[in-house]
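Next up: the structures, one after another.
In the two complexes that follow, subunit A is the common piece, with subunit B as its partner first and subunit C second.
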Partner chain A sequence: MSDDLLRSSQLPGVTRFQWQQLLGPIVVIVVLSYVISSISITFTFLTEGTLALLVMVLGLQVFIGNSGVLSFGQAAFAMVGGFATGLLTVPVKIKENVLDELWEPLKAINMGIWPSLVIAVAIGAFFAFLTGLFLMRLSGLAAGIATFALLMVADNVFFNWRLIGPGPQVMPQVPKFGFVDESIILAVVVMVVVYLIGISRRGRLLRATREDPLAARALGASVWRLRVLFFTVSGGIAALSGAMYAHHSGAVSARDFYLGFTFTTLAMLVIGGATSMWGAVVGTIAVTAIGQVLLEFESGVTLGGIDITLPNGARGVVIAAALVAILIWRPKGITGGREFTLRLPFLNRP
Partner chain B sequence: MTQMLEAASIVKSFGAIHVLEDVTVSVNKGEVVGLLGPNGAGKTTLVNIIAGYETQDSGTVAIDGRNLDGMTPEARTHAGLARTFQSGRLFPDLTVTENIVLGAIGSGCSTKKANGRAAAAIEMLGLSGVQTESAAGLSHGLSRLVGLARAVTSEPDYLIMDEPAAGLNDHETPALLAALDSIRRESGCGMLLIEHNVGLVAAACSRVFVLASGELLFEGNPQDALVDEGVLSAYLGDATMGLHGGRA
Partner chain C sequence: MIQTILDALSYGGLYGLAALGIGLVFGVMRLVNFAHGELIAIGAYLFIVTIDLGLPLSILIAVTGTAILALLMEFSVFKRLRLAGPAVLLIASFGVSVFLQRFYEIIFGALPLSGQIAPWMTGVIEFGDTTITRGSIVTIVLALILLGGMWFFIEKTTLGLQIRAASSDFQTARLLGVRSNRVIGAAFVFSGVLAAAVAFVLVTQRGSVDPLFGVNITILALVGTVIGGLGSLQGAALGGFAVGATISLLNSFLGNYRVYTYTWLFILVIIVLLVRPGGLISNKAVKERV
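Entry: the complex of A and B
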């Protein structure tokens, strides 16, 4: 077998760790984030928000891209993450004054942003695990409907239950990130995690279950266990996204993570290409860029002396149309589901 | 304890249709056994029951005395059983190598060990020329070989092959025969070969079971099966079968 092991190091066509594939998307995100955020304070705000969305799309990619199971419910875990970090970091006095119906033990808690992020991720992953134990027995349309029901349950709970939040109001005074660096660091960490779990043994087996669950079972893969595991990881990442969004905007409400958020992030994933991390990155950048341009047009733009004002909602229509076009003509997304490989001489040495 | 894969007294019906009637087959460790039968004889149903994809109405399936009844297909794989599919069932978006490596990874191997097993299987089955190709683009015959390589990398105690020679050309069939012999000698695993190619079964197998209309018609030496009157009459109605070394 030692000869076999020797040969295996050069085994062509096998999935393996490649620095070039990991660094490519990271370099793009880091460079773009610093360049765009340096333009103005508005663009810094936009960059932070986009990085929170990117983390969400990466969370979707980990589960949907690798398992092939469509989930509309991951935003529920973003909701959990946003509320968890909000409740843990909003000053006690604000809670006493604004969130008067809040459960008493929650009023007394106050901590810094970083520990609250860790706890938010843990709580999001825990809820994803609990719900995944049941939901991951489903596939196809049934899984889509059941995960959508999960989103509706989460929205109703957070929108109405004042013991754990502001109900239909907004939870104010969530401490904001001081710099864009914090969002960049978190996004890069998530990218590393998503890449490594994607090329892990279980990640590769989950992709096999996506292609042919029956054949994957014959190889010893438990479809249910793998899906529960990746649903849990995805839930933790979604919770981080919700928490990042809360610390970016300085406030959090249930409706921040409902249908609009779900549609936008799923569109980003599908347009970029669901089966690769690079697809998640490209989709997030493309949809954000299109959205920003159309937002300008909705506000009114003068081009060559002609005033152009698009009706409100044009952004949503165009993104939906792009989503449909991609699904029809390029179902694997802009990237074709492939990873981006950074070609640098010092990285490409054998 | 006798080391064998045994499906004993298997009965299976789909509604009013009786597919298997008290069928018993067994494969000893290190032995290649053929399972023959005309279309609709119940061969694939029997394989699906052994592999855990169907549940029998009565009877038991056991490996080395360990009862497998109630176990999922993946649990049976971990218990030492591997199978190939009639239609190949490769993972189309993955490369040939990745398909084969996953066979070892699924059985619990480390990545390094899985790569080593895959490299050995690729070499043994002569697949090095298509390693980096997508499995979706393979010919029917190559798909069968990749499916076999994928099953072999789990290093099973028993391997069930559902028509591995279907779609292979005249050059590929002898290569498959040689590969089966290599697998048996190197791994010592027992193999159940479901085939229409009687010539291949006669060359590869030491024992043969013949199924017809869900009942076990014959058990014994392949050469004896070729002259058995019951077997002959069962096949005479099946124009797709050539019994004397021919193939479907």
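Entry: the complex of A and C
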């Protein structure tokens, strides 16, 4: 693949562990989350939702960014995670009343949020491993289309099979997180995992396969094994994101994780810069901020005595235009695909 | 039984037309154009909005308008991404697609617009005890005419020859004097014309149009283009036909389980990709080595 977007401008030697690269993004996320969620209940809700999206974008980054292979299928694992945690935590009585066609053993199960999250991640990673064994034989466009086909299969199954969920309806009464702290802790854990696995030996080998598959093979790297490993990790993280979303909104349905979700998270990754963890963080923050400002404008804002009301749909237009503009003028994303650094990026051009 | 076969042929023809539109552009610039669906949608909107002017004028406006939008995409976005790889182009076209969907929502509203384009197409013809919908026959005829026309254009005209040359080896074709921007522009115009034809059939069947009108068929046609063999125009049309015919047959044979049609279809797609990553009719130029 000769794609700028998926290539790092950092030399491989720069990927040694540096405290600032890990702590910088974490400090930014923790501080922003607490400041914004302290404004009002609406903003607390927004912060939790954004943290769930951030985890998804990090999950995309760990696979797409490191391997250079495009995947449209990660939302399928978010779906798996959201449904798994919903089925494990929704009270038995609600399941009996609302989800009457559910498989009997699933009706009887009930547990707390934390053990359920662990199981949801395990199931998501398991499915990613299973599908990855086959899908990771492919690369380039074939991989893009095959992972897209995976999303279609997952959507079709979850949307119709009432033995394992609500079908086209919504699964209600999923227990919510009590505080914003839980989402923050989970996001920070994922950031640490994504950063460490990215600079690990296998992470660097996978990036080598992204830059030059033939040379990497000559070094003894099995492209397929490395991709399956990272696809599995990415699937587990995506499942966690789906589960966080379910416990944030208190409900979950198949269409929460379809094309719109896939587009938003992919746009966040590309706008921020796909080849670094910091890129995923910046992209998530930037797209959420643009979206929030435009949402205000859609409901009407008075600026300098003039009432401005943007039509519904303006948000999508601007975010899509931003994505295309970034691809044209800054294909490596806002961060240039680099990790966090205290030096200003424009003084640091190689 | 006859209706089943005719349905499969007409679905196949329709998806073949959509896939050929995507395949034309892919051939010359390695762009898998997600936004083809929004070309189909604008065609449908133009049909519904202008149908009061009479069908011939409405067809003229819809075809021209769709071709202009296709050229506009090329000039405003894809022309600036000539050096980008296929993955970047794919994501960019995803962006263009969402951009246009939201744009239609602003202009035409999120709710469906309805209108009768060609009411005579919904009637049925009876042969003894079998009834055949007129729409499926019109679709088959239209698909045959357009596929034949495209075949003539691609095989027998100079511009068609240049498109074929650019499809099989873009750099060499340029070196030999093929004017690349003109060829790419032509490919976009023809993909717009094909999108308008697909829009005509779909909008007469459904009788309404909304911002997401073209998404479904585009996803399926795109998959058809890929499994048919990227970079080969016959492969694209054949792949689209295969996907359309498979959907139609699965719908008939799955009976009560027809809601799972897409599950089986996309599992088949994944299997085809695993067995033949280059597509059914593969082109050496697009093979990637790993």
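Just so it is clear, the second predicted complex is superposed on the first by the 327 of 350 C-alpha atoms of A that agree within 3 Å, B and C clash if a C-alpha of one lies under 4 Å from a C-alpha of the other, contacts with A are read in each partner's own complex, and residues count from 1 in each chain.
Methods note: a contact is a pair of C-beta atoms (placed from the backbone, for glycine too) under 8 Å apart; a residue touches a chain by one contact, two chains touch by 3 or more.
Values in this document were obtained by computation on a predicted structure and should not be read as measured data.
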Count the residues of subunit A touched by subunit B and by subunit C, then name the partner with the higher count. C
Examine A:Met79 and indicate which partner it touches, taking first as subunit B and second as subunit C; both and neither are also allowed. neither
With both complexes superposed on chain A, which partner does A:Ala149 reach: first (subunit B), second (subunit C), both or neither? second
So, does A:Ser222 touch the first partner subunit B, the second partner subunit C, both, or neither? first
Thinking of the overlay built on chain A, is A:Arg201 touched by subunit B (first), by subunit C (second), by both, or by neither? first
Which holds for A:Phe263: it touches subunit B only (first), subunit C only (second), both, or neither? second
Name the contact category of A:Ala243: first (subunit B only), second (subunit C only), both, or neither. neither
Is A:Leu214 touching anything from subunit B or subunit C once the two structures are fitted on A? First, second, both or neither. both
Does the superposition put A:Val170 against subunit B (first), subunit C (second), both, or neither? neither
Identify the overlap between the subunit B-contacting and the subunit C-contacting residues of subunit A. 1, 4-5, 214
Using the touch rule from the top, collect the residues of subunit B that touch subunit A in their complex. 51, 53, 72-74, 77-78, 82-83, 85, 89-98, 101-103, 105-108, 111-120, 123, 131-133, 150-151, 154
Spell out the part of subunit C that touches subunit A in their complex, as residue ranges. 32, 77, 80-81, 84-88, 90-92, 94-99, 101-103, 105-106, 110, 215, 219, 222-223, 226, 230, 259-260, 262-263, 266-267, 269-270, 273-274, 277-278, 286, 288-290
Of all residues in subunit A, those that touch subunit B in their complex: 1, 4-5, 7-9, 11-15, 201, 204-205, 207-208, 211-212, 214-222, 275, 337
What residues on subunit A touch subunit C, complex-wise? 1-6, 70, 134-135, 137-142, 144-146, 148-150, 152-153, 156-157, 160, 213-214, 223, 259, 263, 266-267, 270, 311-317, 319-321, 323-324, 327-328, 331
